[in-house]
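Next come two complexes built around subunit A: one with subunit B, the other with subunit C.
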Partner chain A sequence: MKPIIYIARAPGVAWRRLEDEVIVLSGSDSSLFILNAVAGEIWEAADGKTTLSDIVVRRIIPGFEVEFEQAYEDAAEFVRALADEGILLVSSQPLDGAPEP
Partner chain B sequence: MRDCRENLLGKAVRLGVPLKVHLDITWRCHLRCIHCYLPQRQGEELSNSEIASLLENLAGLGSLFLLLSGGEVLLRSDFFEILALARRLHFAVFVKTSGTMLNEAAARRLAELHVKRVDVSIYSERPEVHDRITGLEGSFARAVGAIRRLRANGVKVRINQSLMQSGAIDSTGVRQLAAELGADYCCNLTIIPRLNGDRSTVALNIPRNVKRAAMGAMEPTRLTEPSCGSEKLLPLEELACSAGHTGCYISPFGDVYPCVQFPLWLGNVRERSFEKIWRESPALQRWRKVRNADLTVCRACELQSVCSRCPGLACLEGDLLGPSRLDCEMAYARTGRRPAPLAE
Partner chain C sequence: MKSHTLALSLETADLGVRLLFHEGSLYQSLRRRYADYHSSPKASAVCEVEVDDGPLQGHDPAEPVEIVLRGGRWLMRQGDALELEYDPAARRGRIRRNRNGIESDWFLLLFDSALRFLYSLLLLPAGGFLMHAASAVWRERALIFAGASGAGKTTISRLAPPDAIVLDDEISCLRPVNHLWTAYTTPFGGALGVRSSRKGSPVAGLYLLAHGEQTRLTPLGPASGVQGLLRNVVLFPGDPSVVRAVLNAVCDLVREIPVYRLEFRPEPSVWEMLL
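Up next, the complex of A and B:
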């Protein structure tokens, strides 16, 4: 049983998908991040309403042929790293992130 | 995960992504700056819905950096609506304004929408000199007030100063003012011709020896050309400029150009979608084939490595592939060595 984690893109970020990568510009200091295909899937799904487990099940496992345990651990590590950078919000409750079109 | 900009830029060139877009949402302005490069043309500005479609088109093509400028952007009653849409589409938005209309509510809204930076022009630390250049009494006090409000709301601000005859020819005072206000500072040493070819503004350029002295007083990173921003968006060893490769300019009337100071008309978004113009414009395709080796004079210039040759200025001076004397002046200011065109 995995802990319930909700993730949302931080409100100040700017981002764009370019081919199989996602380019993210931090809101605080304009640091630039280039996310690979798996990380990009998690990023795009980070709406604050979907749990990390659901994201892994729905978007990572089908597309990347990986076992849940491994995929989840990798995703959790990625989420921690982006949260440390201040571009991803993490909570045990649903949360609001960047506004959507 | 974290990566350098060059990878992104290389990818943008390879994929043909207009990564950086300069959109003037109006040319209307209540200031009458003596060096303004915009012609007096008026016309039917793109409507709110036309701008919305354009932004969606740009986002779909991969544009990330968006400069909203003018004219005075705050003269458009739907400015914040446009800005909010741009942010919902995940653009990194930069705004240029005179600051003269920017009240507390506007500063707060800019902060809420997480603009990356607001650029405000200050031409002198002496109010009477600044006001003489803008043609509006009290404009200095209003601009400084706006900067204070923006900073109090946590918005990053950059003061842009153009040194010119009739204005300040020394940057020290405005640099100090920027430091006091907690703003970044950027100095422009080149006054360009008007976009309609009127060269009367060029006479406002300060003498080359004064430029050289001004150059010596500043860190290189605080110097920029007027429209290129502080970062060059391309590893340009072969390409003459990022304009038209990863960047472009769109006028308030929907006309598309490679850059704001590059008068090579590519099309109008009211007649063809931006995507079609960007991908299919014959003029743009011809320009994209130009390499540094094609430049008639500059390819052999020994100052090439320190020159920020602008093809738009060269075009405004009459020859897209020729030298721009204004940039030759800058190369001289940087090095004290005289490029061939200045020796003539």
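Up next, the complex of A and C:
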């Protein structure tokens, strides 16, 4: 059983999908992040209303042929990294996130 | 009540700015400085900026440039010498200057910076931006060479073939016009005496400059292209809508125009690899 985690794109962050990758630009300091295909799926699904477990089940496992445990651990690590950068919000409650690009 | 007003209408990238002065000395200096960018006083301007004297309050002389967005108005301060306040909604601005040292070359460079900042804001609604890049028109198409100071913008410009027209060697202006990315000259030139032309030229290629032992042209994927270009875009963080507009503009550009990494030795043959 995984903890219930909601993730949302931080307000003030600009992002755009370009082919298989997602470009994220921080509004506070102009830091740029390039997310690969898996990370981009998680980013796009980070609406603050869908749990991380649901994102992994619905968007990662079907598209990338990976087991849940491994996919979840990778996703949680990615979420921690972007939260540390201040561009992703993490909560045990639903969140409001950044607007669509 | 001011007794009279002098108007200086400038235009670059089809965007007109009307500067209003209440005395003639700075007006004359700037009229000469931006001689290639005058537009008709009757031409429509996207904004008006009143140029007035200080004193400037609360400015830190040691802080070279400060840019803030407050109450929907942009404020750019350059030490205790000059400040620009611009209201995008009203399309009106005000430049206040400290009279100490006015019209020196240094002061005129500060005025360039204020105008560059203003044009960066004006270009956003048009989907365009300013970039640290040299640009040249060759065979009727514009080539853009982006890079920080020392990357080789002036060098690649000096190596241009005789039939190429160097537009800029420091700051280039790009914006879409009728769905076609177009490069324009700006009044913010660098070391070279560049040839200005009010007419835009369609962009054919974007080159991220790097010094190299050999001359090598490497195509970049979209994300790498955006990453490389964004490093050189004149960008002012602080307002999410500005950051979003710049990112969208650069992504749109990269979808349309090929981006390359260009390592080069300073030899004229480098141009043979382009186009």
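Convention: the second predicted complex is superposed on the first by the 99 of 101 C-alpha atoms of A that agree within 3 Å, B and C clash if a C-alpha of one lies under 4 Å from a C-alpha of the other, contacts with A are read in each partner's own complex, and residues count from 1 in each chain.
Quick note on the criterion: a contact is a pair of C-beta atoms (placed from the backbone, for glycine too) under 8 Å apart; a residue touches a chain by one contact, two chains touch by 3 or more.
Keep in mind the model is a prediction, meaning the values are calculated, not measured.
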item: Superposed partners subunit B and subunit C on subunit A - clash or fit; value: clash
item: Touched partner set for A:16, first subunit B, second subunit C, both or neither; value: both
item: First (subunit B), second (subunit C), both or neither touched by A:43; value: neither
item: Superposed model, subunit A: greater residue contact from subunit B or subunit C; value: B
item: First, second, both or neither for A:6, with subunit B first and subunit C second; value: neither
item: Partner chain in contact with A:81 - subunit B first, subunit C second, else both or neither; value: first
item: First (subunit B), second (subunit C), both or neither touched by A:30; value: both
item: Overlap of subunit C and subunit B interfaces on subunit A (superposed complexes); value: 11-16, 18-19, 21, 23, 25, 27, 30, 32, 34, 101
item: Contact set on subunit A toward subunit C in their complex; value: 11-16, 18-19, 21, 23, 25-30, 32, 34, 101
item: Subunit A contact footprint on subunit B (complex, rising order); value: 1-5, 7-8, 11-12, 15, 17, 56, 59, 62-65, 84-85, 87-93, 114, 116
item: Subunit C residues touching subunit A - in the complex, by the definition given at the top; value: 221-224, 226-227, 230, 235, 237-240, 243-244, 246-248, 251, 254-255
item: List of subunit A residues in touch with subunit B within their complex; value: 11-19, 21, 23, 25, 27, 30-36, 39, 78, 81-82, 85, 98-101
